[in-house]
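Pasting the structures in now, so scroll down.
Two complexes come next, and they have one chain in common, chain A, joined by chain B in the first and chain C in the second.
After this line comes the complex of A and B, so read on.
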């Protein structure tokens, strides 16, 4: 419960723009089937390439499917995929990272060298290789992306875990005779998860982009499931006649990625103490010099 | 009172750390033997970096000793493993110097103490609440504090909470690592008096690590002096302060400023020069010889053994007997201890 509270508190200090972008994305993703005006897969060939109208607010694609509905339902596809990838990647990463941070010594060396190997390979190439071996499919894509993403979260959680383990209250617990399991599950893990979850927001945008990229290449989400990368591919042959159908999914995807990136960046910056402005520094020095004068 | 079966006995303990230089070691604790009788309050003094804290941390198992034995009730702790070791070792508790960091800031005071009780094996919530109330009362804190988070407490209150939590596991030895040096003077006296009262009421033995010599003299019955990882003198506190027989102890005690300005003006600065040598490369023979005003050639050849000067007084110096005899002839350099109330010390 306290993890959620901390999470909510840190969310409050974040930039408005990114909160709106991410908020809209998540809301649409959760409520997609209830707010989409049309069935995203219903074809109406008479309305193919339709422009903006009361019937189709954002027009329709080459098969006459309503673009707005497809955009909205795509948000759900992306959101679910993103959550699954992050869930798997973070579970593995946090487990590996906290074990390394808890045990230290050669265990840490071995685990972190494996992580280094994972980090050395570009994530998309890892994902492409895995899909190349196991074939295309929804779950193959999820696992491929999770495999590409876990080393990053392992690295972060190890750093957080080492910091937590070095705090004196962990030493106090050991002196009290707390079992290793108690220290790990009651103190190390909750603190680490809280910190790493916050950092994970920065990754979310990149995961969404990767899902779209794989789908664009025909390796991720398969038709007829609506997905932004797919919509781009479908509309690409008609770029010169109906450019809006290409631009719209691109814009939405860009907004989501920028939203998550801004969010992640500001979270990372929030963790660094901001330097004092020159004016405040001067006034503090003035105050301190008055103290010494008063003492003499 | 070393004749009774000691509660805690440390034999030839060595703790080393890897140096930043390759294949070099720092012996923070080098061949140290100490004993602690049940209910005894013992001081451990020495300057910064001499290994006092490392000795304490090794005893509670926060550092791994290179060699030597730690015996609790005659049982060698290094022969035990896992849950049995944790259960035994719980009898030795450690009070940290920094009360701000030794509590988890996500736990309320009650939760922190309850956790110690759960570790003890008390899982009944009603029993836990009862014990928490008793423990907080023992350290002089109101019951209502159990709902508070550590950040809402002052330094003195936090240190009391830390002590209450240590007491929750019913320890028989408390190792107090400069428990009051992070606190204000006024609060220091309160916390010190708390220690003295707990020591008297609960009969907990205390190893009191400090650099505040006046505090150690008033609180403890016996004192060890440590220099560069070695115990160089051991005596009852009264005798150590009256008749220090190692040049380092003499210098250390000579550096206590007197509260009386008339005496303070005439006080001679101790005959000691330079800084503490690097423990990576300690001097041969007597470790103090590089700074000792009485150093002779013989000091460089071998580590001087602890010489028994009286049944309760040992010093590791070749000239110890001479210093001991000299100090008997002189008037006492320090007046006899004040009554056992620390408050008076700071009121002066």
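After this line comes the complex of A and C, so read on.
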């Protein structure tokens, strides 16, 4: 019960707009097949670019497919893609970052220089290069984006790991004879993962945007799987005649990216210790003086 | 009269307005003096007519052929006034036009012609041209008469001498001491003034031998994005856009422009979008019944209406009627899912959902490149959905232009979209280039590979006489149609748009030309 209360309290601290955007996105992604009113791939060429109606609440695209259903199912495409990219990127990044932070010395130097090379290259360029070599396809896109994203998490992981390794309790553990594996898996890794996941929240929006970008370029999700970037590029030739078909996926994508960015930012800010208020400071001083008196 | 602050401000505003309007008036006057502004999707590039890098349409402005390919496959005199084909097609005699000068003042004569021919004819790099591959020799009869001899009768001989490259003529003075190309100097109506990545400027060649354009300058403006070009023509920033290779206009864009009151010219083009099948990679496609089922499994008419706004006509032949020797017209296959299902059943592909045979699913991969054929992904999506209804699982693979150029010749596709070459390369450009398995056509790849049945037909047509060539080419058309060796989809329309400032526009006879002739600027 206390865990739930803590969770609810931490949610209340987050900006509502971002919570709504991310919440709707995740809900749609999870429940997409059950709440989409139509088969997102069912074509009705006679209904191409049909306007808003009871049949098609947000109209139909250039092949007569229901736009609302495609927007909803696209949320699942992006959500799954985003989770896979972050899972792979964070796994690789955290492993390399924590090894560097634990071992230090030449191991750290070598690993961090590799990370520097990775960070020096724009993520989209890396992804395009990988897709250029291995070809288009869902898994190639996931691995391409993961390859572009891991250096960032490795850099953060290493910074966190170095901080953790310098804490007194790690030194105490070592003095007490804790094995390196115990220190790494029981103390270093869990602490680092927690910290890095916070930063990953902000990355989620950027990953969703990259998936849409690659699909927009025809290099990501392949038809008929609905995806926002693909919906955008399909609708672009009709920008003047049916602008809504361009605006809708653009709007949804923007909301999700802003939502994740705000969420990541606020989580990061919540982790920064806020200065103590005068009242709390006074009470703590009082506590400390009482404790000192009691000792005497 | 009392001058207060308000009067002073009004006066200053008036003066500012007059000063600001002056450059606009000046520009308008300059415009009236005559600058035709043409959009291009990319810079003109290296315009050397004997290289293969520049924009065709821009090379057409500067360099001229001996004879021009006209609508309907006729030829009109250009730098040659007469020509005769003799000795059963082994001798070609040209009578050259007199009093023609290159832009640098060098005379056009037999010597200039031979100098140009020697730069490409009979060389390995141009062996894809029959005239070059079968070249035997040339002879100057007099200053204005040249004879070219060939080892064998040359197929499409006159067509080849109308190509934009390498058959056009460069000034012999426009090269350095080592003979390397330096400047684009031809005999055409336009001289290049300057060229950058943003565009090129051309000045009318006042000593041009033919009908001179009525305006003095032509500006090529590079606008890579098609939406940018559409906005520019609507705003009046450009006067002319279009052409398959210069600045393509999509059907949806043409309709939008028409709705906005921009004059759009749509004519039957000379090329066709054809789906190539690769039975070597997907054995299911070896079965005629499967090919027939696919052919009637999707709705060409609906696709034409929805995706091409009715501007691209559904096709059943690999050439439109505008192409010489395009063959008798076959009826456009109508979509018939029931008949398609029956064919697949007969072929042994059965089951609900995706059909199966001997444990294999009936799955086909379509490779599309939006850069090669705009709208091809949507076209593939319709095929995917409609063929899915008859139990064929279609997977779409979108590739960029470079990947398309490697995947298609390497036959990494089950179905891929091709575009026939169009005039003046037709019909033998496509027949030899895309249908003859033994002919290496580089990055274009093969539409059909059938050495056993199709190659003999192609070779027979290639060596046919004037009297039998029609029958021989018809045999190819019949074979492709009966065997469903490929799927003709749509005839590519020739789409151009111009502003009301331009009058007298006529669509060019080939998509490789720039249609500046006969144009007038109204203001």
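As a convention for this text, the second predicted complex is superposed on the first by the 260 of 296 C-alpha atoms of A that agree within 3 Å, B and C clash if a C-alpha of one lies under 4 Å from a C-alpha of the other, contacts with A are read in each partner's own complex, and residues count from 1 in each chain.
What we mean here is this: contacts are C-beta pairs under 8 Å (C-beta built on N, C-alpha and C of every residue); 3 or more make two chains touch, one makes a residue touch a chain.
Note that the structure is predicted; figures quoted are calculated from it, not measured.
Engineer: Is this a clash or a fit when chain B and chain C both end up on chain A?
Structural biologist: Because the two structures are overlaid on the shared chain, the partners are seen to fit without clashing.
Engineer: Just chain B (first), just chain C (second), both, or neither: which does A:168 touch?
Structural biologist: The answer is first: A:168 touches chain B but not chain C.
Engineer: Taking the superposition on A as described, I'd like to know which of chain B and chain C A:136 touches: first, second, both or neither.
Structural biologist: A:136 contacts chain C only, not chain B.
Engineer: For A:41, decide between first (touching chain B), second (touching chain C), both and neither.
Structural biologist: second
Engineer: A:178 in the overlay: touching chain B, chain C, both, or neither? Say first, second, both or neither.
Structural biologist: A:178: touches chain B, not chain C.
Engineer: Hey, in the superposed model, what angle do you get at chain A between chain B and chain C, Cα centres, nearest 10 degrees?
Structural biologist: Seen from the centre of chain A, the opening angle is 140 degrees.
Engineer: I want to verify the contact counts: of chain B and chain C, which reaches more residues of chain A?
Structural biologist: Touched residues of chain A are more numerous for C.
Engineer: Could you look at A:187 and tell me whether it touches chain B, chain C, both or neither (first, second, both, neither)?
Structural biologist: In the superposed model, A:187 contacts chain B only, not chain C.
Engineer: For the superposed model, what is the least distance in angstrom between any CA atom of chain B and any CA atom of chain C?
Structural biologist: Result, nearest C-alpha distance in the overlay: 50 Å.
Engineer: Please write out, lowest number first, the residues of chain A touched by both chain B and chain C across the two complexes.
Structural biologist: Looking at chain A, the two contact sets are disjoint.
Engineer: What part of chain B is in contact with chain A in the complex they form?
Structural biologist: 60-62, 83, 86-87, 89-90, 92-94, 96, 98, 101-104, 106, 115-116, 119, 162, 165-166, 168-169
Engineer: Inside the complex, what are the residues of chain C that reach chain A?
Structural biologist: Spelled out, the residues of chain C in touch with chain A are 227, 250, 252-253, 255-256, 259, 299, 302-303, 305-307, 370, 375, 377-378, 380-382, 384-386, 395-400, 402-403.
Engineer: Would you mind writing out the residues of chain A in touch with chain B in their complex?
Structural biologist: Touch residues, chain A against chain B: 2, 167-169, 171-179, 182, 186-187, 190-191.
Engineer: Spell out the residues on chain A that touch chain C in their complex, using ranges where they run on.
Structural biologist: Residue list for chain A touching chain C: 41-43, 45-46, 48, 62-64, 132, 135-137, 218-219, 222-224, 234, 236-241.
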